[in-house]
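Every chain is named by a letter (A, B, C and D) in the order it is written, and numbering of its residues begins at 1.
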Amino acid sequence: MTDTVQDGVGELTNSRKVEHIRMIEQDSGTDRDARYFDRLRLTHRALPELNLSEVDPSVEFMGRKLSFPLLISSMTGGDHALVRTINRNLALAAQEAGVAMGVGSQRVMFERETARASFALRQYAPDALLLANIGAVQLNYGFGIEQCRAAVELVGADGLYLHLNALQEAVQPEGDINFSGLLHKIGDIRRELDCPLLVKEVGCGFSSEDIAGLVSQGIEYIDVAGQGGTSWSRIEHLRSDDRHELGMLFQDWGIPTPIALRNAAPYRDRTQIIASGGLRNGVDMAKSVILGARLCGMAAPLLKPAMESVDRVVETIEALRREFVTAMFLLGVPDVAHLYGNERLILDEMI
Amino acid sequence: MTDTVQDGVGELTNSRKVEHIRMIEQDSGTDRDARYFDRLRLTHRALPELNLSEVDPSVEFMGRKLSFPLLISSMTGGDHALVRTINRNLALAAQEAGVAMGVGSQRVMFERETARASFALRQYAPDALLLANIGAVQLNYGFGIEQCRAAVELVGADGLYLHLNALQEAVQPEGDINFSGLLHKIGDIRRELDCPLLVKEVGCGFSSEDIAGLVSQGIEYIDVAGQGGTSWSRIEHLRSDDRHELGMLFQDWGIPTPIALRNAAPYRDRTQIIASGGLRNGVDMAKSVILGARLCGMAAPLLKPAMESVDRVVETIEALRREFVTAMFLLGVPDVAHLYGNERLILDEMI
Amino acid sequence: MTDTVQDGVGELTNSRKVEHIRMIEQDSGTDRDARYFDRLRLTHRALPELNLSEVDPSVEFMGRKLSFPLLISSMTGGDHALVRTINRNLALAAQEAGVAMGVGSQRVMFERETARASFALRQYAPDALLLANIGAVQLNYGFGIEQCRAAVELVGADGLYLHLNALQEAVQPEGDINFSGLLHKIGDIRRELDCPLLVKEVGCGFSSEDIAGLVSQGIEYIDVAGQGGTSWSRIEHLRSDDRHELGMLFQDWGIPTPIALRNAAPYRDRTQIIASGGLRNGVDMAKSVILGARLCGMAAPLLKPAMESVDRVVETIEALRREFVTAMFLLGVPDVAHLYGNERLILDEMI
Amino acid sequence: MTDTVQDGVGELTNSRKVEHIRMIEQDSGTDRDARYFDRLRLTHRALPELNLSEVDPSVEFMGRKLSFPLLISSMTGGDHALVRTINRNLALAAQEAGVAMGVGSQRVMFERETARASFALRQYAPDALLLANIGAVQLNYGFGIEQCRAAVELVGADGLYLHLNALQEAVQPEGDINFSGLLHKIGDIRRELDCPLLVKEVGCGFSSEDIAGLVSQGIEYIDVAGQGGTSWSRIEHLRSDDRHELGMLFQDWGIPTPIALRNAAPYRDRTQIIASGGLRNGVDMAKSVILGARLCGMAAPLLKPAMESVDRVVETIEALRREFVTAMFLLGVPDVAHLYGNERLILDEMI
């Protein structure tokens, strides 16, 4: 790695982010094969009875209007030129393209003053839905409502993501592995926080029991972040010198995103579901909305464009929007309300 | 491309046809894998109790006698030597071999006087069932009963195909994308037209809802043109400089032909079904008739022979007839009436 | 081909046999993949409670005792050194190893006097179960009870096979394709013949309707000869200059042997079933007996050994017997009576 | 083979062991693909509500405490430096890592005095659960309670394994193939022996009937040793000059371990089940415990480390323990009691 990173407090957390990005750049295998989405075949309408140019992909989410239900999933932040560039490009693109954006874990900002700048994104995206991010497990390592509020404030965020990453922590030598009692602590944060709280995984999805637990704590936004896309177990394996292949063994562990969405279906009246994990195009987005998602997140596919320029990110988002609109048109649905939860649009589920 | 094409009105529509043909010639991938047909296994009869030479594959369709239920599907037409040759060869072969033939979209004839000659095929095929062709979406772009009548007249056709190609239009930069209100306009044409009206897709098939809609408008002939053969989404992708791969993403979109035939089954008493999209031999034809088709269309497999000579087309058709007759013989059915809709001839449906 | 064959009457029938053998030698693809047998997994018994050396694989069939239920399926005969050698080696081996043997079609003996010697096998196999062979379709081309009796007599056979080969005839340019009215003619032969009559396919199997028909004519021995082994459609394609690939299209046509055995199951009280078509080892034989076969035929696997020597055939048969006995032992069955029709020995049927 | 082995009584039994080890070293194909385990997908818990460092993988088995439910499966012993090293390394590692260990077949010790040393392992593993081993079939070849007691005594074992290896014996030229009447003889040994008796296969698993039989004899410990891992049929094939491929034909014969575990499920109240055969990591172990195993055995994966050093064995075991604990953590189970037989932890069973 040629990037020079400063020594001192929070250096580990900080440099780790850059290592992750390099791993994803180098090893195409960290993006797992989203085969579960490909099993679903949607129903073509030869007679959509629509004007494609009038198909309306816009949605409202958490009080903000989005041009279509895309979320740039939580990725990065820290004291490094690369991550500052990525975050700035993503924020400017989110503003321009009218989509939502989450930042990466903000733990580093409490360890390194110099990391704060990378999260101050409201200046670039005055109208975008922005989401702060903290690892839920930190609630067992000294974090509380104070840090949560500070994270939201720095971003100028509309809400706060708490992410759950048990597998990622478990396969790291230095992992934070005490996940006991987290459910109630998450509930406490939700009750004390002044803005909406969202809970997400990072690529392993939620089981029915997990979702039931979160709903019992009044969590109103759940991002399934299921298996099928970026594999943190594999990334941590490549990053470390894990001779015994622990990370490789678990690289495909987790609940595939479409299954996680189905696990969440019974709770849709009490919580809003966000799909992420392995979505790779506008058709996957349409499938996710059909399976009950209000918003569709993508992380890895936006990383490379964000390293290049705002324009490349906007271009990628526009292509996704065109794909999504084309799918809506061919399914004969004029707006997202007609797509949402409409499982009759599934032709069959191949084995 | 070495062909010289004239400038002027309708040039776009005209040259597009030749580009399509070149794409199909060059990229074998535009012919998608018809795996759905291969899943069906038919029941062999060791004792067919028939004389193969007495098996009768002939049918009557729209009042014309056909030597077997083959339709040369709608392909081409325009102001270009290549398309004139193709159409002439196909028409002469249709006459000689006793099969039906459709022409390609006739929109170009309204834009370029010089394109008309390519559609005047009755001279070459005095006895063949000939079908004119117009894009249904043109009914939203100025076309009406007048153009339909003119199209039928120029061909000397027995009926008129209106084709639905929502995906193909959607993935084109210059596509005609207003598909709203088409169903009733199609119904109006049917009520005003003096000859039979047929509605077809171009490789994506019809959903149950589409078929129910068409039947409610009194449409008596539906050609499913399902997924599994020529992929227009892929062809349009290759033709354009579609950097964002929209056409590739949708290259396998649609309802596989055997499923589309099953979607149509409940309406067989009110409408005649034509199978097309991915049929590649006489066994696929037999399977299609078993699944309820009265006629079996093929487009791409006849393109190359048509570029060579009448004889090559006739030869290809004769080979298809021999395959179809062999299948009938081995199934123990003496005539097409015993094949039609006879699902007991399916041994099993493999996964 | 370097073999010199004489001109004259029956030359076509005669030389065809040698061509067939050469095709099978050269093209490994004529032996199709017997995947249906591999789908069945049998139940291992850790405690067979048997002495392997006391497992008794012997059976009685048509009044003859066999060392195990193997039949060398009908293959050859004619006026050619190669086929004489093959038949002599097979007969001597059948005698030595205590198994049954069928000869190939004897039509040639009525066309060429010099072909007769190849069928006179009783001299080499005084105690073996020997079966004569005539194409059933010949009953529509001048053959009758007289030819049947002559065929049995020349071989010194215990019974006569009539084979049904509709596909093989259909894909040949010179095929005998009148299969009408055969069922009753077969029934007539059965009623007039003094020895048992067996009916077989040649690699496409029998449908339920076929078997019901044969049983209604009192046929007491049916050899399913199903799909999965030697493909006559492919062989005839390779042999001819079939430019239009008719034979290739139908190369996997037919009813897989295990399915054909299941089709026959309801008739086991009235007819004895022989399995053949794609059996390749003693485990396939055990599976066939479990599915209701009294005898198990193999053709192609014995062809090459027969071209070499008696010893090689005996060796191949001994290996098959050891495989069969090992399977019986591991299934915990002491004799074939406990194997026959015992479907509880099937662990599962994989997809 | 460069090892010098002494001539004389028991030489065959003795040198065979070393040949086996060499075969496994050289031919990676003897370790079959454990695909049945991979079909099971477990339920990830995003909120395990546990501290990974407090997950307790320890179990008690036959009165001994194990650090986690791992058994080093029966492998070797004899008069040869290599096997002495392997056994000593395994025993020292079992002691250090707190797991159970079985020795290989002790028949050789009755034939060769010099082979005894290799089995005297209590000195290296004073606290480990140690299991003696005799081939059950030897009860038909002169062995009885006396030899069983001597085997237990020499090892200083907690119990005695009788192994059943019908396939392995059947494919050997020199095999002991009289498996008749074994069930009752095994029952007799159980009644006479002063320590627990365990019955195992060696890679083909037990059918339901086998397990019912053993339970009826009061056998309280059954090690399924199912299909999916080491293939003895293949090893014996490679070792011999089995021209007719008997061993290859049966290389995948047997009942896959997960199916064998399900076969045993109804008897769990009367007998303790040990899983082995194709387990290759801690996730397979977790799946086995979920399917009802009290202990999880592995043989082949520990062979190579044992040829190197105690440390390599301990390291391998520690890696397995970490995998097992990680799986427990991600499943949200704090101890093995919550894992055992808990089929709700299975998300789905893929085809």
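As a convention for this text, a residue touches a chain if its C-beta (ideal position, glycine included) is under 8 Å from a C-beta of that chain, and two chains touch if they have at least 3 such contacts.
Quantities reported herein were computed from a predicted structural model and do not represent experimental measurements.
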Graph separation of chain A and chain C (steps between touching chains): 2
Turning angle required so that chain A lies on chain D, C-alpha fit (0 to 180°, nearest 5): 90
Interface residue identity across copies chain A, chain B - same or different by half: different
Rounded Å distance between chain B and chain C, as computed from the means of their C-alpha atoms: 45
Per-residue overlap in chain C, given as positions that touch at least 2 other chains: 351
Contact graph of the chains (line, ring, star, complete, other): ring
Chain B to chain C touching residues, read off their complex: 42-54, 281-283, 315, 319, 322-323, 326, 329-330, 332, 347-348, 351
Chain B residues touching chain A - in the complex, by the definition given at the top: 164, 166-167, 169-171, 175, 177-183, 201, 204-207, 209-210, 213-214, 227, 244-246, 249-250, 253-255, 259, 351
